[in-house]
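You will see two complexes here that share chain A, one where it goes with chain B and one where it goes with chain C.
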Partner chain A sequence: MLTVNHLTKSYDGEKMSLTDVSFSVRPGEVTVIIGPSGAGKTTILRSINQLIRDDDGEILFDDTDMRQLNRRQLRQARCRIGMIFQNYNLIEPLTAIENVLHGCLGTKSNLAGIFSMYRNREKEEALQLLQKVGLGEFAYQQCRNLSGGQKQRVGIARALMQRPKIILCDEPIASLDPKSTVTVMDILRDLAVNDGISVLINLHQVDIARKYADHVIGINNGQVVFDNRAKLLSDVAIANIYQKNVNTEGSLVHEF
Partner chain B sequence: MIKPENQVSIPTRIPAGPRLSIPLRFRDRRRVTILLTLIVLAYVTLMTLPTMIPNHFKLGAALVSFTENIKIMFLQPHLANTTFVTLLGALGQSILLAFLTTLIGSAIAFFFALASTRRLAPTYLVLGIQSFMAVIRAIPTVLWVLIYSVVFGLGANAAVVGITFHSVAYLTKVYADSMDELSPGIIETMQAMGLKKSAIIRQAIIPYLIPSYLSWTFIRFEINFADAIAVGAAAGAGGIGYQLFMSSSFYFNFHEVGVMVYMILAFALVLEIISYRLRSVTHQ
Partner chain C sequence: MNSDVQQINRFFSKKRFRLTLIIVILGMAYVGASIGLGFQTHSLLNVQDGIAWLIQNFIPNEASKGYWNEILQQLFRTFLVAVAATTCAAIVSLFLAIVGAKTLTPAITVSWVIRAFSSLLRNIPIVAWAMILLFSFKQNDLTGFLALFFMTLGFLTRAFMETIEDFGTEKVQALQATGATYLQVIAQGLLPEIAVALMSWILYMIENNVRDATLVGLLTGTGIGFIFNLYFKSLRYGAAGLVVLSVIILVVSVELISNLIGRLLS
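Our next item is the complex of A and B:
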């Protein structure tokens, strides 16, 4: 499904952000990447759809290397990769349904994008997706008037509109209250179990990772230090992932 | 962790002694420089002011004739050489000149702005277009109209092209600035979904920018209206400015000038009301 091999990235050419990162994501599973902040979780996620250009390695998505694609091929590949962000990144002046419909624009023509031309079938699908995330009656609300949890659910519906094979979630619950956190994580879990979509989530909450993940990848200082089933995530393993690490200046740093 | 030698020591309590005033800022050499510059400038201005006044100038007589003219203009406005309908037509002409130049200018400026915002365009384009536009902006609109009147001859054509030219430079700058303020995450999100550039501009950038577009374009309309009046007088472009020029410099009829000034003020008031309404509609 998705296999990452020997991914390496350095932003400044000196300090390594990712060193030889390899893992794979299976369909129908929730895979969670945990690790201290600054460990490289976001860099990994953004390398997958090439929002960040990595330096070396291999990212096999459906057996094609994302790194070898030209601009047009990359755009087409991105159409089938959903992405969810910590701060939602919705187009706030537009309505919820307009935002959800953006998910299907990648495969449509220039003209359709410019004149917002959607088929009735697509509009129906968008409404159904909003109902699926429990926001049926908010379809015509401007997104700026929605709460954080509601915005994130619109973001999920938008990602689903892409009919994705995989959804990448970059700290999806970091700005949410506990109740919304549960709602959003339940939806993401449901997508993996019932729709067979691979869900790859960056998290820094270990308890949430334990509760929702099938598979956990622990990252520390740009390296994979844990790659196993969630039930094998012991306290020792967590301490290892979140251990104090030594930075390049040689002084001890707490990173949480 | 900050190394000990780089740490700033923060006093835990205010040192004892007479506490006259606790400063809110550090003493800053720049502030002293600015203050000194202002003092020098004020001194120079005060010293040179008397030399600017001509020898035969009598303040009393000048004040009297000034108030006399003001009184003629604002308290006794009436028409002599033209009719009210003619003036209304001329005002309409000036308004249309302003409207046309703003419309064409904003349409052209939108594309230049897309090509010169940091959110979408490469740095060399941003710098190239922005500095070119800055050069155009540095030259006043009336001068551009006069430059173009060399090509088109004095009249409305030169006025339309000249005012549009300056409007494009002005609006490109403000449109591009509002695009720069957009969060980069929004465009990144659209790219991550595989959207084409045209769709990103239409679906993500434009919805955010409509309020600032409307208000900036309207401000430019107000500027263009003022310029259209000035150009009517200076470059023979017609409109209320030309009538104003004829009455004040040809017939020396200040009663008539008064009527026109009131007409222009009335329209300016209407513009102000519209822009206020516009702001309350778009910034909800």
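Our next item is the complex of A and C:
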């Protein structure tokens, strides 16, 4: 489904942000990447759909290397990879349903996408997805008027509109209150269990990872230090993932 | 403790010294400039005589009312030139700003070229623009239009570029992640987010250009600026006063309308 091999990235050509990162994601599972802030979680996630150009390695999505695709092929591959963000990244002045419809831009012609010429089938699907995440009645609300939890659910509906095989989630609950956190995580869990979508989530909360993950990947200082089933995530393993280490600037990194 | 007090005192005396220095420098600059210009400070005391003359001569009288028709016509023309120049410049600016914004530019050199270009346009004063263009386009509305157009182009390109850069790369990337094309990202993501900001820049520029257009008209011999000049030089002060009054009314109403639109938008 998704296999990452020997991924390597340095932003400045000096300090390594990722060193030889390898792991794979199984279909229909929740895979959680945990690690201290600055460990390289965001870099891994954005390399997968090539929002960041990495330096070396292999990213096999359905057996094609994302790194070898030309512009058009990359666009097509991105269509099947949903993504949600800590800051939601919705277009705030637009309504919830318009934001959800953005999920099908990748399958439309350039002009149809520019002028919002969506098919009736697409509009119905967008509405159904909003109902699925419990926001049916907010379809025509501007996103700027929604709460954080609601925005994240619109973000999920936008990702689902892509009919994705995998959804990448970069700290999806970092800005949410405890109640919204549960709602959002339950929806993500449900997508894996009931719809067979692979869900790959960056998190820094260990308790949430334990509760929702099937598989856990621990990252420290750009390297994989844990790659196993969630139930094998022992306190020793966690201490290892979050161990203090001196980074190249000489300051201590030990955040949770 | 004691050294703290000393430090605070030293801080304040330094500050006081700097303030005194600035006042002294400003004072010397004023004296120097007055001598250079042969400007007599005591003639400021006679300023009320000047105002009295203004009031006596510039108050529109019965005779000047006959000029209303011509004045309104020229006022309207001036207004149209200002609006047309602003909207045309806004369209070109939007294109330049998208291509030039650091977050969306195809190449960083393009961004630098557009930045330098807009800064050049912006820093040439409107009066200089009018005089330069007078050579090639002579005295007509097109000259005024172009002068306003170039100045506005420089200003709006810069303003739009900053607005676009504030929009950030995260939302651009969120749409790219769905497989959207460059133009789709701009139409579906960027434009809705910045539409209100763009409109308020454009309204601000229209207000500004209505004012500038009267001044430019003086030089290019068109519109309301021209007839003011005409009446003034032919000693028809009442009519000239009427022109001033009409300009004030126009500028104030444009500002009121623009505020109203701004409030409706947000």
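Quick note on the criterion: the second predicted complex is superposed on the first by the 249 of 256 C-alpha atoms of A that agree within 3 Å, B and C clash if a C-alpha of one lies under 4 Å from a C-alpha of the other, contacts with A are read in each partner's own complex, and residues count from 1 in each chain.
Throughout what follows, contacts are C-beta pairs under 8 Å (C-beta built on N, C-alpha and C of every residue); 3 or more make two chains touch, one makes a residue touch a chain.
Please read all numbers here as calculations on a predicted model, not as lab measurements.
J.: Quick one: chain B and chain C on chain A, clash or fit?
T.: clash
J.: Once chain A of both complexes is superposed, is A:Ile44 in touch with chain B (first), chain C (second), both, or neither?
T.: After superposition on chain A, A:Ile44 lies in contact with neither partner.
J.: Does the superposition put A:Leu176 against chain B (first), chain C (second), both, or neither?
T.: A:Leu176 contacts neither chain B nor chain C.
J.: Mind working out whether A:Gly113 is in touch with chain B, chain C, both or neither, as first, second, both or neither?
T.: both
J.: Under the stated touch criterion, which partner chain does A:Cys79 make contact with: chain B (first), chain C (second), both, or neither?
T.: Touch status of A:Cys79: both partners.
J.: Show me the chain A residues, by the header's touch rule, that chain B contacts in one structure and chain C contacts in the other.
T.: 49, 51, 75-76, 78-79, 81-83, 85, 87, 89, 91-94, 102-103, 105-108, 110, 113-114, 116, 158, 162
J.: In their shared complex, at which residues does chain B touch chain A?
T.: Counting only chain B, the residues touching chain A are 1, 3, 183, 185-186, 188-196, 198-199, 202-204, 207-208, 210.
J.: Residues of chain A touching chain C in their complex?
T.: Its residues touching chain C are 46, 49, 51, 75-76, 78-79, 81-83, 85, 87, 89-94, 102-108, 110, 113-116, 158, 162.
J.: What residues of chain A sit close enough to touch chain B in their complex?
T.: Per the touch definition, chain A meets chain B at residues 49, 51, 75-79, 81-83, 85, 87, 89, 91-94, 98, 102-103, 105-108, 110, 112-114, 116, 158, 162, 251-253.
J.: Given the complex with chain A, which residues does chain C contribute to the contact?
T.: Going by the criterion above, the answer is residues 170-171, 173-181, 183-184, 187-189, 192-193, 195-196.
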